[in-house]
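One chain, chain A, appears in both complexes that follow, with chain B as partner in the first and chain C in the second.
Entry: the complex of A and B
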């Protein structure tokens, strides 16, 4: 009995430490975005001045919108192209299919620093150059394999008889896809979309290489701002982003059971 | 409704001949079983008729119209899959409505047809449920309702009762037969369960290694098998091998077995005789005889398996083990090791040409 209790206690301690490691830095940062002192000094004094001054920081706001815009567009493109590619890989047998599937994994494994350098050189070489359009292109290329991998994993659980049953009932290829296959893989598509959004929105390395001085994304802008001298506005913008992204995650988790349907 | 004609259909996958020149005529309104061991080609044949796969050669006609190159969605067939293949994201009613809905039928028409189909399979009140909330038997009924609501020309069933337990399977056999009679649809039914094939169908086609071995009504195939394979695959059979004599065969040890049915063979040809275990009478003495049971063999009981309403005796005789099934009348019980005499009539003996 005593050992069980100790084990139970150790288990709780483990979970507490784990959660503390994950969330404490974020909570401190969020709290400090409401502290008067810009240098993390205590005692804590409540203020919203950093949020007010964030509102004035046009550069940071512009970078935030750039990031959101690029992430949303990249997510849409990756989700559509990635799901279509997964369906093609699932349905059809063709020459070089195994090779193509194997090609999906290196982009996930290659360090972003190397990918970023390669893209920069390549984009210059073919005349795409730098800028938001280049960043978007880079993000799509980075995130696409994640969507394909996640959607393909979901498709592995799909019973091919369902498509056959739909066809036997007179459904054409479009009707089969829209009404039978897509609803089944939807949790995978959503999860893949979230991955794509996260890869793009978090992306620093590739964006840093492809950004031009005036036009940049939030992570790059934050990095630049910190190098110039830390301001609590960074805390403020980070807190807003955390709240928004957590709300999105919770909503998604609420509406889509990731464990799959029973 | 329509009949289905399969003419000289062959289909190979690589070097494997899944179907080898198969021809069967499925008459309008009939209930057919395609029976065979796994790998015999029965499912491949069903998929050719459905249109999931096309034959390399040969012709398939539904209602007189050639369809061997028409894809499944244009063939107007109904199909029930082994695992039911109900759409998990749709309610029972939406599952049944699917075929009408993709055809663009009006909502009111769909609702009425769906209710009618659900009533037919006695699930009228479960339209709002999800497939995962149903029992195996109920899913089976939904799959059937979904397949017939579009008024297909042919109903194809791929081992539809395989996933059900035995009691439920018997219920569903009766139910399926009732529904098939009620709507009078030509039904082709793939199974590896010989009992299912015997009890349900008007005609049975036995397949083996991609070839049609024998086709006909259940009684005919059971009583008059044309090959050792048909005799042993559909039911149990004792097989004797020897040389044809004109009225039966002569075994290697000189014993003659008279056959009153089956092939007509020239004397001297290699042949076999098949006898069903329940047609053989077993007794302890040679005295009790019967005018018609002129085939007589002596042997020794090596094993007895009691199964309640009947017993199976394994009788050793000249290096061969014969099987005899005796109804439990409560009169006679033979024990293992006992010497016995087996008798049966020539009418119960089918002569088969050696394959």
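Entry: the complex of A and C
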């Protein structure tokens, strides 16, 4: 069994190398955001000057608020519409149900470049135009399928007998939904909502095509800044974003097991 | 499924709950995709004031100028290379997670692997710039360790684009492979071993075939977005980073030839759908 132990040890080593590959650039970026040299030169000297100058950058702050606002509104809309749709898909049998479920996958599977440019053409063509409202419209559509998939997964663990029991005890449809079903699927709804927030807050491609000068989101603003040239200020704001989105996902993981662990 | 409640009612009860979500998807996804197909056959965008007619010219442009085809092939090659690297790097990691690690450490490490995936992709690509540029971290670190002087300047090169994309997408492969590998009963592996099969034979005959759906799902999930990537090549590839996706981007934000952009997008969509269709038989086996 010596070989087994060596193989296990190699496996652990391998995972550590992979984790280093995944996290090293992010950690370096975070460190550089605290480095004095604007050209990322070593030796490392500590400063918070770049974070301080972020506060002076009105454009970035405005874009950040746009991002947060859109993400919050998109989350609310997605969880309400998505939970309702999941409930309907779970509860009722009807013709074309399989088709409706299949329709959820194109928005997830088609590259955002295609979806984004298609939205741009269509919104422009029918007079919706570009700007924050168009970005919100797009974000909700992108995140909605994720919410439906996550809430539906949670519903699969629900025992329909519970609804029956509540009904036989005299509860009406609303009471059944509100008092029995909804509390049960709540972890799924919350996880779905956090997913929606992450999809919207991190979304770049679709926002990029729908943004106008003055009506942009944070990732679009960062992309523009990167193309103008790298600055530690971008590192600072990027570090903040990474920390926020990772914290969000850790929170999501508390409500929803990704790995299908038993 | 919910047979007891299901028989009671049908589409009429479901509709009020379904309609808002699907209407939204129709307005923001399905109609735009249809509109894109429609506009790709036009000379000018309607509503722009200029007169327009139907034309096949946008598609003719794709087939008559070898540039577009060359770039599409370059993007497909990029997708293939990134996918292969993700399999090579991600599959062993998924195996270790599913079959070697146990309990809480497995859960924690699994979360650590897929966590970056859910953070901002743009920012993660940007973070490589600091590592790969000349005088960057990789350059400095290697020169500190190695006795001789070398120059690492991978920034704005093809390898930089590959590294950035693999970094972005490898968690996908780990996730999908882990899910299928975890479902393989350990007793199957033990049975193979006790019947005299070597580790390699068990891997080839039992583990890999059974985890095929995960591999294919991961490959499809990685290949499709990589072929349509434009931000990653722009940031890490610089001048060498011209791909099919960046040309589409240009049509919409720089050249303003939307009908041509629509045609190019639609060709990409067709390629993507063919690939997803090819992958679906393997994926259906999983269900």
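The definition used in the following text is that the second predicted complex is superposed on the first by the 238 of 262 C-alpha atoms of A that agree within 3 Å, B and C clash if a C-alpha of one lies under 4 Å from a C-alpha of the other, contacts with A are read in each partner's own complex, and residues count from 1 in each chain.
Here is the rule we use: a contact is a pair of C-beta atoms (placed from the backbone, for glycine too) under 8 Å apart; a residue touches a chain by one contact, two chains touch by 3 or more.
These numbers were taken from a predicted model, which means no experiment stands behind them.
In the three-chain model built by superposing on chain A, chain B fits alongside chain C with no clash. In the superposed model, more residues of chain A are touched by C than by the other of chain B and chain C. Of the two partner chains, chain B is the only one that A:172 touches; chain C does not reach it. In the superposition on chain A, A:253 contacts chain C only, with no contact to chain B.
In the superposed pair of complexes, A:69 makes contact with neither chain B nor chain C. By the touch criterion defined above, A:184 lies against chain B but remains apart from chain C after alignment on the C-alpha atoms of chain A.
In the superposition on chain A, contact of A:45 is made with neither chain B nor chain C. In the superposed model, A:164 makes contact with both chain B and chain C.
Here's the short version: in the overlay, chain B gets within 7 Å of chain C at its closest Cα pair.
Comparing which residues of chain A touch chain B with which touch chain C, the overlap comprises 161, 164, 261. Of all residues in chain A, those touching chain C in their complex are 7-8, 11-12, 14-15, 18-19, 21-26, 28-29, 32, 39-42, 77, 81-82, 84-85, 87-96, 100, 103, 106-107, 109-115, 117-125, 127, 137-138, 140-141, 144-145, 148, 160-161, 163-164, 198, 201-202, 204-205, 208-209, 219, 222-223, 226-227, 230, 234-235, 238, 241-242, 245-246, 248-250, 252-253, 258-261. Those residues of chain C lying in contact with chain A across their complex are 1-7, 9-11, 13-15, 17-18, 20-22, 24-25, 27-33, 35-36, 39, 45-47, 89, 92-93, 95-97, 100-101, 107, 109-116, 118-124, 126-131, 133, 135-137, 140, 167, 170-171, 175, 178-179, 182, 220-221, 224-225, 227-231, 234-235, 245, 248-249, 252-253, 258, 261-262, 265, 268-269, 272, 276. Remark: chain A residues 159, 161-162, 164-172, 175, 179-180, 183-184, 261-262 touch chain B in the complex.
If you check the complex, the residues on chain B that touch chain A are 50, 52, 71-74, 76-79, 81-83, 85-89, 98-99, 102-103, 132, 146-147, 150.
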